[in-house]
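Below are two complexes that have subunit A in common, paired first with subunit B and then with subunit C.
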Partner chain A sequence: MTKEKDTGFKRTDGRKFNQIREMKAKVGVVPNADGSALFSFGDTVAIAAVYGPKKMHPQHMQNPEKGTLRYTYNMLSFSVTERIKPGPSRRSQEISKISEWAIEPVLMIDNFPNAVIDVHVNILQANASTRCAGINAAALALAHAGIPMKNIVSSVSIGKLDKQLVVDVSKHEEDWEEGEGATDIPITFTPNGDITHIQLDGKIETKQLKEAIKLAREACKEIYELQKKTLKESIKINEKK
Partner chain B sequence: MTNRTVVIPGEVIVTGEKFLPGENTERKGKDVVAMRYGLSEESNGLVKVIPLSGVYQPRKGNVVIGKVENITFSGWVVDIDVTENAFLSLSEVPRYVNKNSMSEVLDMGDMVIAKITEANKKSIDLTIKGRGFGKIEEGMIVKINSNKVPRVIGKEGSMINLIKEETKCEITVGQNGFVWIFGEKIENELLAKKAIIFITEKSYIDGLTDEVKKWFEKEKK
Partner chain C sequence: MITSNITGNRIKEYLKLGKRFDGRNLDDFREISIEKGISKNAEGSARVKIGETDVIVGVKMDVSEPYPDSLDKGNLMVTSELLPLSSDRFEAGPPKIESIELARVIDRCIRESKFIELEKLCIEKGEKVWTVFIDIYSINADGNLLDAAGIGALVALKDAKIPKYDKKEGKVLYGEHSNERIPLKKENPLTITIHKIGESLIVDPTREEEDVSETRITIGSHKGVISSMQKGNSKEISEEDMHRVLEMMEDVWKKLFLKIEKFL
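Then we have the complex of A and B:
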């Protein structure tokens, strides 16, 4: 892992600073969809379903030059302890747009003019890092749907609790109040190490941000390996009768 | 059979200048990289990825089965289950058609077997000139995943010929995943349908044709 030594910082759930929560991934969870996937970070569970490419409707939204990616992020009302109002909100619309931009660079949709690829991401259970779990699930589902892609993206959130950087923040850590408080940095990478999306909520020094990116890059490698394994193992070639 | 492995988008299949990137692959420096999720195959230096999922991509020369969606003054609009509707022009019908009674030749809702003469980003053109094309009057239609069509047809039509022989049915497989089955008896049609569904479910097995032969023997007892 990183050269950075373990400062002995204890996280509330007993994880090391660079340890991701237990991840689970599965493809083909929605039989009706063209492609689908489930991805979870501990208690955060996201399901993605991909439909298309299909004709864009209404017609005035069609783009004759290239296809469109339409990403819908939605938190189900029972995903958090206090019931949230179902339906689109300011927050979910923003996350939808952000996730769309995170995935679009790797998607090859130039060959689908007037068409749309619909990605529906639903959060079944939320315990922070939902957008990251959503992006990971969506990347799996898009590959599963057979859409031409340059690469698969992996996403992770880096937190800064007071002055300590941690990988994959949980809800408890997100509400950190001691010292400088909590900073949340969701980052998305391609396996080549290119960043397709980065957000920052809070404050952080330039030097430490660079460290955070380094940390995220390591973590994303781990996530990518899981995504790769999941996709490869979902097909059994030459299975014995 | 050549060696096949599962690849994911962005994965390096082979490294080396002597390999040629084929369907669904791309050259990146020295590597040949997959662009779609599927099975990679390499023969004579040509590397390609056989997709296992995804919607049908119309190609020139493909035989497809579609449904007449609309009648315009110069032809028929046919839905062949792709993003763009296909167009069957009046001039591509092998007999004289009275413009006022076009619905007598093909009405809305009719299923039709046609060939793609032109497929580009803007439009898909069809023809029903030739043997075996035209309106479907009887029989049954089965929809399968369009990625499984090559398995149903088999190498040089070995699989489809086997089913035709065993069931004595007439079968046309549209590249878009629609299969038309027409037999003397309904039992034969149902057997053919069952066989096709069996193939789509077992499509990863090596030596599938022999497997289907055994299956027919078992079914006929």
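Then we have the complex of A and C:
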């Protein structure tokens, strides 16, 4: 665990500063897909389905040098308290793109010229950190689909509430208003410690950001272990059949 | 993947003998499982699985202006998204006709049966009324999304609690629910879709069976009263067959209702 001491900071849901909400992971949730997975952080639930590799349509979008990863992030209209209009928004399109970038480094996409791998991520229920849950589910689904990958990726959001760093931000914490307010930093790591995605909203000094990254790295190790375990167990189940 | 002719022909041959690939009778549904309250942020929600078909329905509410032709009634809006996640046949982008039809058929089943007492959802005549949104999402599409969505809408409506509303400010307090339920009639409307393949009438088709379906009739009814109906696909249906459809529908309705009653 990190050297950072528990400052005795009270989180609204009683978690320790470096404690992730209860996680759940499961593969094979969408039988129609080539690979699929569910991942949740507490009340934030994401499901991902992978279709492909398949021929890219329209043809002019084909890349003869390598395959294309196409990631679609979508929130169900009733996943949040105030209904969102169904369909893509500017926000969801940006998240789709950054998630694509988060996963591409580990995907051996060069093996599939002219092809596309579709990853559809849907947020069934949202309580912050949805993009992170989405990326975790997507990584699992890609592995479940048997797409060659150098590694898996794991994603978590680090929050800074006033001056305190916390792991896996909830909605309540995201809306923190006291002191310096809330800073939200979603980060995605490979198990080797490479960052494939980082975003930041709020304000933080470089020194503390370094600490935040360290915290994320530790949390991602935990997430990685769960992802690994889930995939291994899914294979065992298949063997029994 | 589109069902191949060879599979399609085999389905038809089997049906001539009164048999189906999965051993069901022609008027049998696949196994149904229902969960309600699956989304904490929705006013009401349900997940309905029929065989491998998996649908999620959520109810949300908002306060808005009434329509000019119903100044003292709440509004109802049904939308559906056939998620690309749920099948390789569905693509992202604006809703296609399949999705539009699904939402409209479910809308009419609920609206025309007067299941929701919309007149009780008026807050201030001509000014403010509740709008009930029913949003349908496919998670895995393996045939008969229509009936699954119909069951989902019914269960989600029954599950829903009206959000708190601040009358002074005219604001909905999202995330806070009152104990008040949406005013609903006692009689539960259900949609049943009957498909005709060759000379056979079947219910609850799998995706493969749906692919070879020649014509289909969706009927929304409650307690023997039919309040909405839609014929789909291009093949005609004879009057006699229409009678058979109606008789079959009544039997299937009763059987189906027994299975879902405990979730209401």
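Keep this in mind: the second predicted complex is superposed on the first by the 236 of 241 C-alpha atoms of A that agree within 3 Å, B and C clash if a C-alpha of one lies under 4 Å from a C-alpha of the other, contacts with A are read in each partner's own complex, and residues count from 1 in each chain.
We take it that a contact is a pair of C-beta atoms (placed from the backbone, for glycine too) under 8 Å apart; a residue touches a chain by one contact, two chains touch by 3 or more.
Keep in mind that this is a model prediction, so the values were computed, not measured.
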Exercise. Looking at the overlay, what does A:Asn32 touch: subunit B (first), subunit C (second), both, or neither?
Worked result: second
Exercise. Regarding the shared-chain residue A:His144, is it in contact with subunit B (first), subunit C (second), both, or neither?
Worked result: first
Problem set entry | Touched partner set for A:Phe112, first subunit B, second subunit C, both or neither | first
Exercise. If you stack the two complexes on chain A, which partner ends up touching A:Leu231: first (subunit B), second (subunit C), both, or neither?
Worked result: first
For this session: Pick one for A:Ala216: touches subunit B only (first), subunit C only (second), both, or neither.
Result: neither
Exercise. First (subunit B), second (subunit C), both or neither: which does A:Asn122 touch?
Worked result: second
Exercise. Counting only touches as set out at the top, which of subunit B and subunit C does A:Ala49 meet: first, second, both, neither?
Worked result: second
Exercise. Does subunit B (first) or subunit C (second) touch A:Gly87, or do both, or does neither?
Worked result: second
For this session: Kindly list the residues of subunit A that each of subunit B and subunit C touches, one partner per complex.
Result: 54
Problem set entry | Of subunit A, residues touching subunit B in the complex | 34-35, 52-55, 106, 108, 111-115, 143-152, 190-191, 227-228, 231-232, 235-239, 241
Seminar exercise, completed: subunit C partner, complex, touching residues on subunit A are 29-33, 36, 43, 47-49, 51, 54, 72, 74, 76-83, 86-88, 118, 120-122, 124-127
For this session: In the complex, go through subunit B and note every residue touching subunit A.
Result: 4-6, 8-11, 24, 26, 33, 35-39, 51-55, 83-84, 121, 147, 204-206, 211
Exercise. Any idea which subunit C residues touch subunit A in the complex?
Worked result: 38-43, 45, 52, 54, 56, 58-60, 62, 79, 81, 83-88, 92, 94, 133, 135, 137, 139-142, 172, 174-175
